[in-house]
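Each of the next two complexes has chain A plus one other chain: chain B in the first, chain C in the second.
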Partner chain A sequence: MIVEYESKQTPIHRLDPRAKFMWVVATIIISIIWTDPVYLFGLGVFTVIIGFMGDFPWPKMKGTFMFLLIVTAIITLIQGATYLPKVVWLANPERVAFYLIPRWIPVIGPAWPLRIGGLIYGICMALKVFVVLIAISVFGYVTSPSEVVQIIVRLPFVSYKSGFVVSAASKFVPVIQMQLATLRDAERSKGVDFDSGSFTEKVKKTTSMLVPLFANALSMADTMALAMESRAFGYSKNFTLIRPYQMQASDWLMVVFSVGGLVASIVCLAVFKLGAL
Partner chain B sequence: MEPKIVSLKDVTFSYKGSKRQALRGVSLDVKEGECVAILGPTGAGKSTLACVINGTVPRFIEGKLTGDVVVDGQIPNNVGTAQMASRVGLVFGDPDTQLFGMTVEEDVAFGPANLGFDYETIMERITRAIEDMRLQGLEQRAPHRLSGGQKQATAIAGVYAMLPKIMVLDEPTSMLDPEGKARVFSIIRDLNKSFGMTIILIEQEVDDILELADRVFVMKSGEFVLGGTPEEVFAAVDELKEVGIRVPSIVEFGNLIGADKTPFSVEEAVSTVKSGAWNKAIVGDAPIEDRAAPGLSVGSESTQDTAPILEAVDLEFRYPLGVKALDGASLEVYPGEFVAIVGQNGAGKTTLTRHFNGLLRPSAGDIRLFGKSVLNEPTASLCATVGYVFQNPDEQLFCDTVEDELRFGPMNIGMDKDRMEESVRDILLDIGLDKYRQVWPRYLTKGERQRLALASVVAMEPEILIVDEPTTGLDWLESLQILDYLERLRKEKGKTILIITHDMNIVSLYAKRVVVMANGRVVGEGTPREVFSQPKLMELAYLRRPQIADLSDTLWGEVLLTPHEAADRLKRSSSTNREVAGK
Partner chain C sequence: MPLGQGALGLGVSYVLAGCYLLLMRLLGGILSSQYPEEHRIEWDTRTISRVTILAAVAGAGAMIKIPGPATTIALDAAAGYFAAAYFGWPVGATVAAIGTFLANALGGFASWFPMVPIYMCAMAFTVTIGVFVAKKTNIVFAIIVGTIVNTVTCLGPWVIMIGPALMIALLPSQIIGSAVNAAVGLTVAKALSSAQKHGKREIDEHIEPEA
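Then we have the complex of A and B:
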């Protein structure tokens, strides 16, 4: 997860993990099947509202959003220049919005026209990426990995141990990130300049950190395994799941809203073409 | 007589693939409700012994175990580790590797849930463990967001919730600041004295176990070399020093003055002196020399009449979306100084020093090196003047051999090859790692790796050396080796040394100047004597001065730093009294 889980008492944090899971799955499916940017924008706004209700730390996503914005802008431009979809509600999708090489450049201009239909399709793709990313990030922020484990182990044929592996692995990610940052600082303190040199040299500088990184991770995993063993991990097949979840009215509301929204959007798309370009 | 709850008879153990015996004929009987402390240098076999008691050796950690081990009527090797977990709880030094829950409550529930208790029982145990370990209000907090002391208290609560009869704690305070240490020792005291739990405590902090332990054992090379009541064990000062155990300063003071009964606390030492229950024959001897204090700041060794070599001016720094780590921190460092930066975790010590070689850049303020601002200098060039040694050696050793590790930094800064080879040769001899020049650094002991990490920065020949907590996880002898090396660099090569430390004994022995930090600011500074003489400052920074400082302050209203100084002071005051009486 890009943003780590935080234990808080917001209405979204308090929801049953199954209700939150239903919401994120429904949001992802709807964002995939819808192709109309107006509808996708609406879905995005709703996802952001859920994020605000869960006190999501938006500034932490700044870097990721900036990166995505650049990537999706490029995708939008490429789509605009190369693809012309059939747009139900647009009278003239092949109309040129502007040229990548403008008219005023002599000899070669105008060239590479960007058409309205293609641009709209590109924006639609970008919105899909943003909605999915925000939904998953908000879900990760409001749902603890152990709640994810609770969801997984309640599935048929899944053992508690497998669920715990998911949880332990997710805990390892920030630890490894911190280790990597320290190793990088230690290399910098010994004169390594990560900003200079050719691509091969930069790769070489980075790979020198991998041996201590893996060695430390293995050593830490070893100690963790010993500590788990010392706390009776695997003693009984009847591991007790604490927090025996009981769906409350708010949880059911979220489930009905998510499932209902998903079914409604599929029906409306199939019958009335609502949500389609 | 209380029944024996742990009985080890002639136990030996060798790790799989190793010919060396990690335990050699160890025999130990522990009575129910007893608190037994085990001391010893790193590699003595203390942790192996802990794992034998809870059965992880040899069932989880493979090897050859011989001898008889009976714990709470069970043979751990036959029963299995998980089954032993409800009889013996094992707590490790690094809390981060033993916390599994996403909240404190979940973590405490981990053990009972593994044992398959029903939901109501688990909740009862969580409530009790959280209450007894004083973690109320933190139930829903993420463990990695807690302070070091709170994390370790959570780890202990997780074990305690399984209601074991025996708790084995393997250096539980080795990674904590003074406040965290005090919290954990207070919990251990409660577990033993209030809840009647049998405690086996492996520790390096000798001062704190004095009042806690019923019996003390000292291990070396896999066997017990000393054992008995604290009085018996700590009376053997020479043997302890030979093994590499720091003798508690109060005990050493008692021995130096020939106390009738060895004092174990400041109060006992004060009462010994006041009642005259010590050997007056020491009066008239030559002054008591302190051979254990190479850097002792007896007088001022001020270098402050020269221009500062390094300056931090009103530094401000905030981590992304985090708390303000520096809030107007200012500091001047003079050439050839040995400065100790102290303060509780989160006070801003590491953040401040990481600005000195450009690892961090301030949001306001200035960093000056030789009077010139270096805010725009890259770390790659600053590191040739300001060396930075990180706390954990395993996060700063990158090469395949010890020799290459020493070449790594000099090569990066473009040092002349002949000069570099000469420097590597000298340093290897200097730090005693010459015989390991072709060895993978990971194969060295923790103390050796720490020395190598330090030496790998020294090899770049920086004017200033910053060493972040150089003694964490090391035994006393290893700590002294590191500090002696730093002191030699200062005295012989004129280096300026800055260390970050929580160990006030190290501060007493080596620091010429102490800088106290709290809440992102420098809140006080001075010689160790000056700083230890300011109780309010110590309180503000959650610091605890050495016991000998408490003793001398109580007796004579002045702060002394070592047992030898205090014994010498007693001798002087005694002869003055005699002279006055004679007149």
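Then we have the complex of A and C:
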């Protein structure tokens, strides 16, 4: 996650993880189905308000926003130059806004016209990226990783073993990283320089480090299997949760608001073309 | 003509991801029936713990960076190839899918979150076809096929959504990254398999027959 979880006593932090999950899923789906930049901007503003309610640290997003701004600007220009959507509310979407290669460049100019319809569609794509980015970042900030696993485990069609695998694997990543650092130091002590040589040599050096890493991983997996079996893992298909959640009125409000908003946006788009470009 | 990043473009991409899974199941079924000892898996505690640790290796592999000619290459898919070649395609496909999820989650996947399930299906299919070709021919062909399939399956949905212009720019780094991951995963699996066999033979030679 771009912004790590912080335990705080904000109204959004206090919500049930399922309610927060419903909100983030609804926001993502709405951002996918809407193609009107005005509507997407409104959705973005609402997501930002939720972020403020959760005391989200916006300065931490500055670098990511700057990087994405460049990426989305490129996407917008490419969309504008290569794609022309059918626009519901625009009279003449094929009208040229400007040329990427301007008129004053001799021989090749003017070329690559940027059409109004494509440009608006590009802006809409950029807004989608920002809305999803903000929604997921806010969700990651107000929901602890263990709560995310609790959500996965509680999904009706997902086995609790899947939740266990995702949860345990995410906890083992730092352990594997430590092993990698040790192996890298061991290779360096033998005189291996990972930064020098051609690309093929660098790959060979890294591969030589990965053989003991995988061998260690297999031995670790066997030890873990023994530990799991000693605790009777997989004995029963029924399982209990260490932290049972209770939905409060505010949680239900968030769920109703998210699901209601999602259904309303789908209906309005299908019937009245609201949210469509 | 690109379908855009809206419901239509993403919907078609998800259908494509479903096709990857169907093809994976088809190839996996052939492997399981032809090589039952290697590719028929029982989902017991040991298998689950192996999937867990190897998915963690995939997640950590995303942070192993090799400076390449086009861009820096991360070894996030190597664990999937390794698991498919060493423990069979069901383990490999699961490790590849969960590893992709973890690698994206640790890399700050917020902005491309809707694409992550498609990548997961693409990687699961890629490692299965890779190990299928390795089994039927040799590792070199498997690396070539794995690279092509990985490139097509990962960039394909983007081509459908936003057109080929941006994807052509990403092609060299994608090809090199895919090839390195396939090569590393499959060679490490082969190295460990032969080390295991060699080790067993040595032990057998050192055990003196009872009188």
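Definition applied: the second predicted complex is superposed on the first by the 189 of 277 C-alpha atoms of A that agree within 3 Å, B and C clash if a C-alpha of one lies under 4 Å from a C-alpha of the other, contacts with A are read in each partner's own complex, and residues count from 1 in each chain.
The criterion applied here is as follows: a contact is a pair of C-beta atoms (placed from the backbone, for glycine too) under 8 Å apart; a residue touches a chain by one contact, two chains touch by 3 or more.
Please read all numbers here as calculations on a predicted model, not as lab measurements.
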Partner chain in contact with A:Ser146 - chain B first, chain C second, else both or neither: first
Chain B versus chain C as contact partner of A:Asn92, first or second or both or neither: neither
Contacts of A:Gln246 with chain B and chain C, given as first, second, both or neither: neither
Contacts of A:Gly234 with chain B and chain C, given as first, second, both or neither: both
Touched partner set for A:Met220, first chain B, second chain C, both or neither: both
Partner chain in contact with A:Val211 - chain B first, chain C second, else both or neither: both
Contacts of A:Leu183 with chain B and chain C, given as first, second, both or neither: first
Which superposed partner A:Ala168 touches (first chain B, second chain C, both, neither): both
Contact residues common to both interfaces of chain A (with chain B and with chain C): 168, 171, 175, 195, 211, 215, 220, 224-225, 228-229, 233-234
Touch list for chain B against partner chain A, complex: 51, 54, 56, 60-61, 81-83, 85-86, 89-90, 92, 94, 96-98, 100-103, 105-106, 109-119, 122-123, 140-142, 144, 158-159, 162, 321, 354, 357, 359, 378-380, 383-384, 387-388, 390, 392, 394-398, 408-409, 411-413, 442, 456-457, 460
Sites on chain A touched by chain B in the complex: 5-7, 9, 57, 59-60, 144-147, 167-168, 171, 174-175, 179, 182-183, 185-193, 195-196, 208-209, 211-212, 215-216, 219-220, 223-242, 244
Touch list for chain C against partner chain A, complex: 1-2, 4-7, 10, 43-46, 48-57, 59-60, 63-64, 66-69, 75, 78-79, 82, 94, 98, 101-102, 105-106, 108-111, 113-114, 162-163, 165-166, 180, 183-184, 187-188, 191-192
Of chain A, residues touching chain C in the complex: 1-2, 28, 32-35, 64, 68, 74-75, 78-79, 82-83, 85, 121, 125, 128-129, 132-137, 140, 161, 164-166, 168-173, 175-177, 180, 195, 199, 202-203, 206-207, 210-211, 213-215, 217-218, 220-222, 224-225, 228-229, 233-234
